[in-house]
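The same chain A turns up in both complexes below, where it pairs with chain B and then with chain C.
And then the complex of A and B:
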C-alpha cells in the first residue's frame, strides 16, 4: 500500500476513509460533465483532520479535491488527476447567529438554505439564494461564489463573506477578514478565496453578513410575445429607479417544459415571461408595483399578472425552480451555461443565441437571472450521440465567444472548473491569466489543491463527448 | 545623471518631470505622518506613459509610488524609500456613464464626488462617499478601498468595482473583471487590487457599479446624555429591520469643537449625538422615521430632532463634515484612527477608549461611522512635544490592540500604509501575513511598487515622533 494512504489511515478514523471501488465511483462525478475515479475518499469532520490530510497530501504531492454535496455545475470537485477526494459534507453543521452584529458563523458543511432559516428566527436574512440552496453546502457556495435570483438586489456569496478560516495548501491554518463590516487591513484575502474554486486551500469556517429581513414581498409576472421586448423591459425597469429583489426570465421552451412537467398555469403560447419580486415596506411595494405595470405596458407586454395570494405567488416561483428538472426531461443531456453580459446587451445576447441555435441545429432553451445579465442558455442534447455532441461543442464555444464579444464574461455564477478553463485566455489575455496563475503557484507550490480547475492545461480543449 | 532618470526624460514630455527640491518637497507628505523626499516626480496622463514609467522603474529597480491628490490618512503615497512619485492627478478626467448597464467607467484622476454628480444626471447614484470625496481621486479611493457614511447601507468602494485596468509592476497592461454585475471567471483579481494600496500595480481605469438614486432622504438626530446609550441605540436600530443609509456618531468633544468652529446649533451639553439618514420612498421614510424615534426614546435618548427643512438637514450633515477641520483647531496635531469592531462591541470600545485616554493622559475625541462599528478616535496632540507624543504612541498602540481584542480590525477604511504595518502580524498571525506577502512577491518580484506599505520591515515600530 502507498505510504501516503498509510499516513492517512494513521491519522483518521477508519470509517472516514473509503477505498472501495463502489465508494470511489460515487465521488467520481458532480452535476457537470465527466467522470474521474479518485484513488481514495476521505471525510473530514473538523479542522484538525483537514490539517492532517492536507499536510500528508502536500508532503507526498498527491492531488486533493475538496467537495461538499457535489452539486457543482462546472466540475469544481472532480478528481481529474486521481488522488484524494476530501469530503466535507459529514462535518457537523454549526450555525452561530450573532444577531447584534448582524453576522453568522458557519461550518463548511451547512446547507445554504439552513443559514437563511436560522437568520430568519432573528428577523434577519442571508440573501444569497442559489437554486441549489436546499441541497448544496455553503463550502461549495464559497468555493464557487454562487449567485441566485436575489443577487440582483443583494449581490452574490462574495458580497456576504466577512471572514474565513482556511487550511492553506501546505496545511497551515489562517484567518482572513473577521466579524466587522469594514476591513482594509492589507490585501483582501477573504474575497480572493471566495470563488477560487478550492484551488487555494480548504475553507473550514466562514463568518457571513446578515441583513434585516424585508417586511414584505410582492410578485409580478409580465408576459411577452417577443423575446426582445422582454429584454428591453428588464433594462427599462432597472433604470426607472426601482431595484427589484429578483427579475427572472423564461423563454417559451422553458415555459412549455415546466407546464409539461408540473402544470402551474403559465401561458404556453407566450414567447417569454419575466417574473419579478419586489421586497420592502408594503406601502413602497404597492407604489412600485404600479410603476412596473406601467413600464411593462409601455414596452408592449401582452399582460401583467399580479398573483392574488401568497400561494399563487409561491406557485409562480416554484415553476421557475422547476425549469432545470423540467428541461432535463426533454433530452437526456443538458449543458447548462451561465455566460453573462452587461445588462443593456441582453437583447443582443438573445439574438446571438438564436443565431447559434440555428447555425448548429441544436436545441437551446434560455432562462435565468436576466436582471443582472446572467442568462442560463441550456443546450439540450444526448451525450450518446457523438455527432450531435460535436455540434453542441461548437455551439457552446460560440456562446462563450458571444458573451465575451458583448463585453461580458465566461461565467456569471457557475465557475470555470474544467469545462471553461480552455477559454480563460480569450477573456483574460495571456498576461492576465499569468498574473492569476502566479497567485496559485505562490500559495500552492506543489500544485496539489484541486488541480485541473480554472487554469487550462497546455492545449486543453472543450470536450463534451465521451472518449 | 542617473541612467533611469535619463530614460524617463527620453519617454516623457519635459513638463511632466520634476526634479527641483521645491517640487519634490510638495510631494513628500500626505494627510498622515512623516515626510520623505522622492528623487523625482513624474506625471502620467495616459496609460502608455504609465507603462513606460513602470518599465523603467522595474528595469532599474527604482521604487515607484502612485499618488492621486495626496489626501491619504495612512501614508499610502509616501515615498518612504526615495525613488519616483508617480503623480496621476493631472490625467484628464474621463467619466463615461452607461446608464442602461448601470455602470460608469472612469480615469484614475477623477474626483470621487464628480462620479456621483455624473450618475445623478441619469437618475443613478455612485454610493461610496468618503468625507474627502470632493478633493480625493477615485484612484486613491480604489487603492485604499475607501469607505464613507453611506457604507452602512451600500458598502464601500470595493463593493462598487466591476472591472479594472492595471499596469502590473512589470509594466504590462491587464484587465480584470468587466462591465457585468456577476463574474466568477477565475480568481477575483478585481477585489484583490482594490485596497492593495498601490502595492500590486497602477490602476489606469475602473468600471464602477451604479445604483438607482433613492427617491427621497430623511435626516434625524438623537441626543444622548450617556455615550453607552448611544452605542446601544445604534445596535437596536440595526436589529429592528431598518437599514439607514447613514448612522454617524459624535461625542461631546466633537460637538463642542464644531460649535466653536462653525456654530450649527448642536447641543453642546449632550454626551453624544447620533445622526441618521434614511433613504427610499417617502412613504417608507415616514414609517421608519416614527419607528426610529420610538427606539431612541425607549433606549433613553434625551431628545430626537427632525429637521424642518432640507436646509436644516444639510446644516446637520455639514456639521458632521466639519468635525475633522474643527478638532484640528484644538491642538496642532491630530492622529486620526479607524480601528473597527463588530457592531455589538461599540459600547465596549467606547469604554476602552475612555480607559486609554485616562491611563495615558491624552486627549481623545471620538466620532465616526458607528453604524458599521467604524469609529474614528482622534488623538489630539502637538507633535513638537516629544514627551506627549511618546504617550500618544502608547495610546494609539492600545487603541489598535483594543480593536483586535474585541474581535475587530486595525483599519476599517484608512488602510495600513506605513503607520499600521508594525501591527499587521498581531491581527493576521505570522502565516496569514506570509500568505499575503507571497502575492506581493509573486506580482512584484523586484519590490518596486509602493514599498514600505502594508508589509512591515523587520523590527518596524510605530513612530509618531520626529527623528
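And then the complex of A and C:
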C-alpha cells in the first residue's frame, strides 16, 4: 500500500476512510458532467483532521479535492487527476448566531438554508438563497461564491462574508477578515478566497453577515408578448427607484414545459413572464406594487397578475421552481449555463441565444434571475447521442462567447470548474489569467489543491461527449 | 441479445439517466444520515447501478449499498426529476439475487421463508399460535424452530420482548368470513388480512372489521387470499412476488366489492403496485389494474365514509409515526390525522420529521439489525422530544419497531405504541346510524 494512504490511516478514524470501489465511485461525480475515480475518500470532522490530511497530501504531492454535498454545477469537487476526495459534509453542524452583532459563525458543513433558519429565530435573515440551499453546504457556497434570486437586492455569498478560517495548501491555519462590517486591514484575502473554488485551501469556519428580516413580501407576475419588452421592463423597474428582492424570468418554452408537467395556470401563449418579489414594510409594498403595475402597463405588458392570497403567491413561485424538473422531461440531459450580461443587454442576449439554437439545431430554454442579468440558458439533450452532444458543445461555446461579446461574464454563480476553464482567456486575456495563476502558484507551491479547476490545461477544450 | 444488454435491461439502466445527480435526495435519506456516506444515499446507489450496467463496477460492489437501503422511498417525494427509484431498486435486487451464490442452508432457509412461510396461512397461524404458546408457557426461543435464527442469529430475542398479547388459537379459528347487513350497506368491502397482521396482530384485524361494520359496510374475507409478496419483492424474488399477486387478484375477483381494504401500510404499498409486475397490454396487467383501483387503506375508507362517532374520550397526548410505504407509495397522508382529530380528548403532537423512516422497513430490522437500530435511535430522539404517552402507527412493522424503540429508551413506563385502528376501537366507536 502507498505510504501516503498508510499515513492517512494512522491519523484518521477507520470509519472516515474509504477505499472500496463502491465508495470511490460514489464520490466520483457531482451535479455537473463527468466522473473521475479518486484513489481514496476521506472525511474530516474537525480542523485538526483537515490539517493532518492536507499536510500528508502536500508532503506526498497528492492532489486533494474538498467537497460538500456535491451539488456543484461546474465540476468543483471532481477529482479530475485522481488522489484524495476530502468530504467535509459529515463535520457536525455548528451555527452560532450573535444577534446583537448581526453575525453568525458556522462550520463548513452547515446546510445554507439552516443558517437562514437560525437567523430568523432572531428576526434576522441570511439572504443568499441558491436553489440548492436546503442541500448544499455553506463551505461549497463559499468556495463557489453562490448566488440565488435574492442576489438582485442583497448580493451574493461574497457580500455576506466577514471572516474566514482556512487551512492553507501547506497545512497551516490562517484567519482572514474578522467580525466587523468595516475592515480594511491589508489586502482583502477574504474576498480572494470566496469563489476560489477550493484551489487556495480548505475553509474550516466562516463568520457571515446577517440583515434584518423584511416584515412582508409581495409577489407580482407580468406577462409579455415580446421578449424584448420583458427585458426593457426589468431595466425600467430598476431605474424607477424600486429595488425588488427578486426578478425572475421564464421564456415560452419554460412556461409550456411547466404547464405540461404540473399545470399552474401560466399563460402558455405568452412570449415570456417576469415574476417579481418585493420585500419591506407592508405600507411601502402597497405603494410599490401600484408603481410596478403602472410601469408594466406603460411599457406594454399584456397583463400584470397580483396574487390574492399567500397560497396564490406560493403557487406562482412553485411554478418557477418546477422549471428544472419540467424541462428535464423534454430531454434527459441538461447542460445548465449561467452566462451573465449587463442588465440592459438581456434582450440582445435573448436574440443571440435564439440564433445559436437555430444554427446548431439544439433545444435551448431560458429562465433565470433576469433582474441581475444572470440568465440560465439550458441546453436540453441526450448524452447517449454522441452526434447531438457534438452540436451541443458548439452551441455552449457560442453561448459563452455571446456573453463575453455583450460585456458579460462566463459564470454568474455556478463557477468555472472544469467546463468553463477553456474559455477563461477569452474573458480575462492572457495577462489577466496569468496574474490569477501566479496567485494560485504562490498559495499552493505543489499544486495539490483542487487541480484541474479554473485554469485550463494547454489546448484544453470543452468536451461533453464520453469516450 | 448480448449479456451486457440483458443486464442493462434488467437493472433499468435507461431509468438511471433520469437522475441528474442534483443531490436533493440526500437530506431525505435516513441511511445517508446514519451511515454518513454517499454510497448509502439514493444518488450514490443509482450511480452504482449505472456503473454496474456500464461494466465499471461488479454486481458484488452493488450488493451492500442496495441491501442497506430501507426502501422507504422518502427520496422519491423530494426528487425534482421524478426518478423511478423504486423500480431501479427492485431491478438491482433482482440482479443481485440472480448473481448470488448461496450456501445450501441459506438457500433452504430462504426457500422455506419465502415459498412456504409467509404465503402460508397454516404457518402464519402456527406463528401466531406458537407465539401465544410462548407467551403462555414461557418456552424459550420458539422462533428458532422456524429457522429464522439462521437468517438473523443474534437479535430475534430483541423482538420477542415486544410481541403483543395474542388471543388463543380457538378464538382465532372462530372468526366469521362474511358479515352481511340487513340494512343497505354504505359499501361492500373485502378485507385483506395480511399474514403477519393476521397472526401476530389478530386483535387489530378484529378491530378493523368492527370499525368497518360500524361504518355500515358489508365485509368479506376472501379465503383464498395469500401474502401480498412485498417481502419477496424487497428480496429480489420478483417471480414469486408476481405469483402471489396473481393468487390475490384471483381471490378478490370472486367478490364484487367497492374496496379492497388493508391495515398494513407496507402490504398496501405492494397491493397498489401490482400492475407494475405485469407487462402493459397483457390480460394480467388489466386484471391487476382493476384490483389496484379498489385498494385502500382502512384509514382512507373510514375517513371517506365518515359514519362513526367516537364517544369515549381518550385523554392522552400522542405522536404519529406514519408508515413510509403508506405516505410515499400509497400517498395516504391526511386520513389517519383526520381520524385522530375525531377522537375526543386526544392531543396529537406531530414529530419534527414524521417522514423519516423508523428503520423497520419490512424485515430490514431483522436482516440489518445494527443499521436499523441506528435509524431507530434518530427516530426515538424525535419521539422523546414530543414527550408523548403514545406513538400511533399504521403498519405492523412500524408498530413492533416503535415498541422496540420504547424498550431501548427504557420508556415503557411512560409511553406505548399502538396501531391507529386499536386506538380508534378504544375511543368508543358508534355508527352514526346506530
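As a working rule, the second predicted complex is superposed on the first by the 467 of 467 C-alpha atoms of A that agree within 3 Å, B and C clash if a C-alpha of one lies under 4 Å from a C-alpha of the other, contacts with A are read in each partner's own complex, and residues count from 1 in each chain.
Keep this in mind: a residue touches a chain if its C-beta (ideal position, glycine included) is under 8 Å from a C-beta of that chain, and two chains touch if they have at least 3 such contacts.
Note that the structure is a prediction, hence the values are computed from the model and not measured.
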item	value
Partner chain in contact with A:456 - chain B first, chain C second, else both or neither	neither
Chain B versus chain C as contact partner of A:70, first or second or both or neither	second
Which superposed partner A:429 touches (first chain B, second chain C, both, neither)	first
Partner with the higher number of touched chain A residues, chain C or chain B	B
Touched partner set for A:25, first chain B, second chain C, both or neither	second
In the complex, chain A residues that touch chain C	15, 18, 20-23, 25-31, 41, 43, 69-71, 87, 90, 111, 132, 134-136, 324-325, 328, 332-334, 383-384
Interface residues, chain B side, partner chain A - complex	98-103, 122-124, 144-145, 147, 151-152, 155-156, 158-159, 168, 172-176, 178-189, 191-192, 194-196, 199-200, 211-213, 215, 235, 238-243, 280-281, 283-284, 287-288, 340-345, 369, 372-374, 407-416, 420, 424, 427-429, 431-433, 435-436, 438-443, 454
Residue ranges of chain C in contact with chain A within the complex	17-18, 20-24, 26-27, 36-39, 41, 44, 47-48, 51, 56-58, 61-62, 64-65, 80-82
